[in-house]
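Both complexes shown next keep subunit A, but they swap its partner, so subunit B is in the first and subunit C is in the second.
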Partner chain A sequence: MAYKAPMKRSWWLQHAAFRRYMLREATVLPLVFALCCLLAGLWSLQTSAQFHAWQQFMAQPWVVAFNLLALVGALYHALTFFQLFPRVMPIRLGEKQVPAALMVVAQWLGVVAVLLAMLWLATSGVLGAWQ
Partner chain B sequence: MSRFKGLHLEPLWWGLFSAGGVCFAVFLPAVLLVFAVLAPLGVIHLNMNALATAAGSIWGLLFVGAVICLPAFHAAHRIRHGLHDLKLGGGLWSVVLCYGAAALISASALWGWLALTSWF
Partner chain C sequence: MSEQRFVQVEVVRYLPENKTPEKDEPFSQFFEVPYTESTSILDALQYIKEELDSSLSFRWSCRMAICGSCGFMVNGTPKLGCKDFLRNYPNGVRIAPLAHFTVERDLMVNMEEFLVHLEAVQPFLVEEQQAKAQGVQKYTETYQQTPAQLAKYKQFSNCINCGLCYAACPQFGLNPEFIGPGALALAHRYNLDSRDHGKAQRMKVLNGHNGVWSCTFVGFCSDVCPKKVDPAAAVNQGKVESAKSMLIQMFKGNS
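After this line comes the complex of A and B, so read on.
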């Protein structure tokens, strides 16, 4: 019978890199909460009473706290994911390799562009306005 | 345990996982900042009628897919493998539970979109 190395459930606590890995994986937990909030918001758009109730739910301090955690989680996921991308899918232009740092910056520019577009939609009168 | 009568489903889960990972990184920060932080804090006032019209359009369908469905499958995949890392679950039930929950969330989101379209 082959020797099987014992592995405890707490294996990931033994090394900082393992802990960072598990933290990265855990960023999806507040994401699931936030997705359910957004789903409820989509359903609430059918009547103004439901939409008002959804807004009141979303304004509760513990809900804002969890959603802030989800926002931080999304940014941490982006940080790690963008560093990964040039290694998984290196891009060549002719003879030259596109520098990894340039690809990381380009991806962050994408995030900023989406952020500005969303902010413009929500504040210019299209979907909403500054309070 | 992703085999179903010789059918390998892992490429499907991995495809949804990576597509959801891109959406999670690119779209979720903006959406969460606007709808889950700035609007609830009263910084932004949302116009419900405009939101309902926009959500019921073809853009609304793309939004639902990129912001709810794909990230839900991304989360399901990570939770499934996270459970394995913690030596919990494993086997068919965690597959059914994780992807089943993601499928339920997605179906509910698509139904919610359909209910907002003019032809329902």
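After this line comes the complex of A and C, so read on.
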């Protein structure tokens, strides 16, 4: 004497909050592709012929497009992750709670620091000295 | 006085006595309801019951967002009927029973499904076992707590058990055995309380298959919470606690 509505497979299309959630989770798909590219690149380091073939594969427009999509997806996921982080791991210093906004900004500063370090590695010639 | 404004209100109804072998489903009924700036969704339902159709059933009590009785799906979003207003829906509004629960009649759902999970996490101060065993009447003494100790759990203690977070949680919809946001938030609230000694018992429930790890941080539960409890934060802080407790159990050899 009671009714229970069945949960349709399309439940995540029914509300904007669920669509945003699924978009966040779906960023993993282009990211898996980008990781496969990176693994194939490592594998191809065995011979120069393999490495040139990999370079040609990576230069194709559709591969570049998917990797750009992965970059955008990773940045969007980082945006959502950084916002959720202060809620999951609130930091308390004595009586006071560290403001969430400060923790979000600190995480983005971390991203900028890593980017600058990578840029320095790529342009300073440190890597070339190893060859 | 300005001219009386009307809005179309769709109410999703379910009458168990109308059940036939072929059909046992809710149906929609439409009403024209007059409204002003201060007409709440609950006011609209009461107008319908008093003036248009007295057979409509729904729960309500305090009209001021503290009893947690009047939860409905309003245009697909879980809301308290007394805390949401018709002026927000000038193009019409659809009122349905809370999602993911069993509907008993019209807008009334079976809250037992939530209360069972609530009971499982022991949402009360658990007395020290030793004191109990010795028969010490600890409850006659006044508990003392500093403002800093209170601040740790205060936010999570504002829950009014309205069930909106369960209607917002797709993981609860997919698996009704999932303890769910509200009960897990209250478990976390008592785990953080300096007066409590029940954490070890609660962690067994939180670590289990239907505990905190069934949550995927959809986060909609915190969006809809009328008391800003932020159950999603509580559940995910519970994951940190659960990871710690499982590691400790592993090193103790209790698997």
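A few points about this structure:
Note that in this section the second predicted complex is superposed on the first by the 122 of 131 C-alpha atoms of A that agree within 3 Å, B and C clash if a C-alpha of one lies under 4 Å from a C-alpha of the other, contacts with A are read in each partner's own complex, and residues count from 1 in each chain.
Everything below uses one rule, namely that contacts are C-beta pairs under 8 Å (C-beta built on N, C-alpha and C of every residue); 3 or more make two chains touch, one makes a residue touch a chain.
In this text, all values refer to a predicted model and were calculated from it rather than measured experimentally.
Applying the stated clash criterion after superposition on subunit A shows that subunit B and subunit C can sit side by side.
The partner that reaches more residues of subunit A, of the two candidates subunit B and subunit C, is B. In the overlay built on the shared chain, the residue A:91 is in contact with neither subunit B nor subunit C. Residue contacts after overlaying the shared chain place A:2 against subunit C, while subunit B stays out of touching range. Of the two partner chains placed by the overlay, only subunit B lies in contact with A:75; subunit C stays clear of it.
With both structures placed on the common chain, the touch criterion links A:12 to subunit B and to subunit C.
In the superposed model, A:106 lies in contact with neither subunit B nor subunit C. Once both structures are fitted on chain A, no C-alpha atom of subunit B lies closer than 7 Å to one of subunit C.
Put simply, subunit A uses residues 7, 12, 25 to touch subunit B in one complex and subunit C in the other. The part of subunit A that touches subunit C in the complex is made up of residues 1-5, 7, 11-12, 14-15, 17-18, 21, 25, 84, 87-90, 95. Chain contact summary for the complex, subunit A toward subunit B: residues 7, 9, 12, 22, 25-26, 28-29, 31-32, 34-39, 41-43, 45-46, 48, 51, 55, 58-59, 63-64, 67-68, 70-71, 74-75, 77-78, 81-82, 107, 110-111, 114-115, 117-119, 122-123, 125-131. Remark: subunit C residues 14, 16, 19, 24-26, 76-77, 99-104, 110, 148, 151, 168, 170, 173-174, 216-220, 223, 230, 232-233, 236-237, 239-240 touch subunit A in the complex. Interface residues of subunit B facing subunit A in the complex, by the touch rule stated above, are 21-22, 24-48, 50-52, 54-55, 64, 67-68, 71-72, 74-75, 78-79, 81-82, 85-87, 105, 108-109, 112-113, 115-116.
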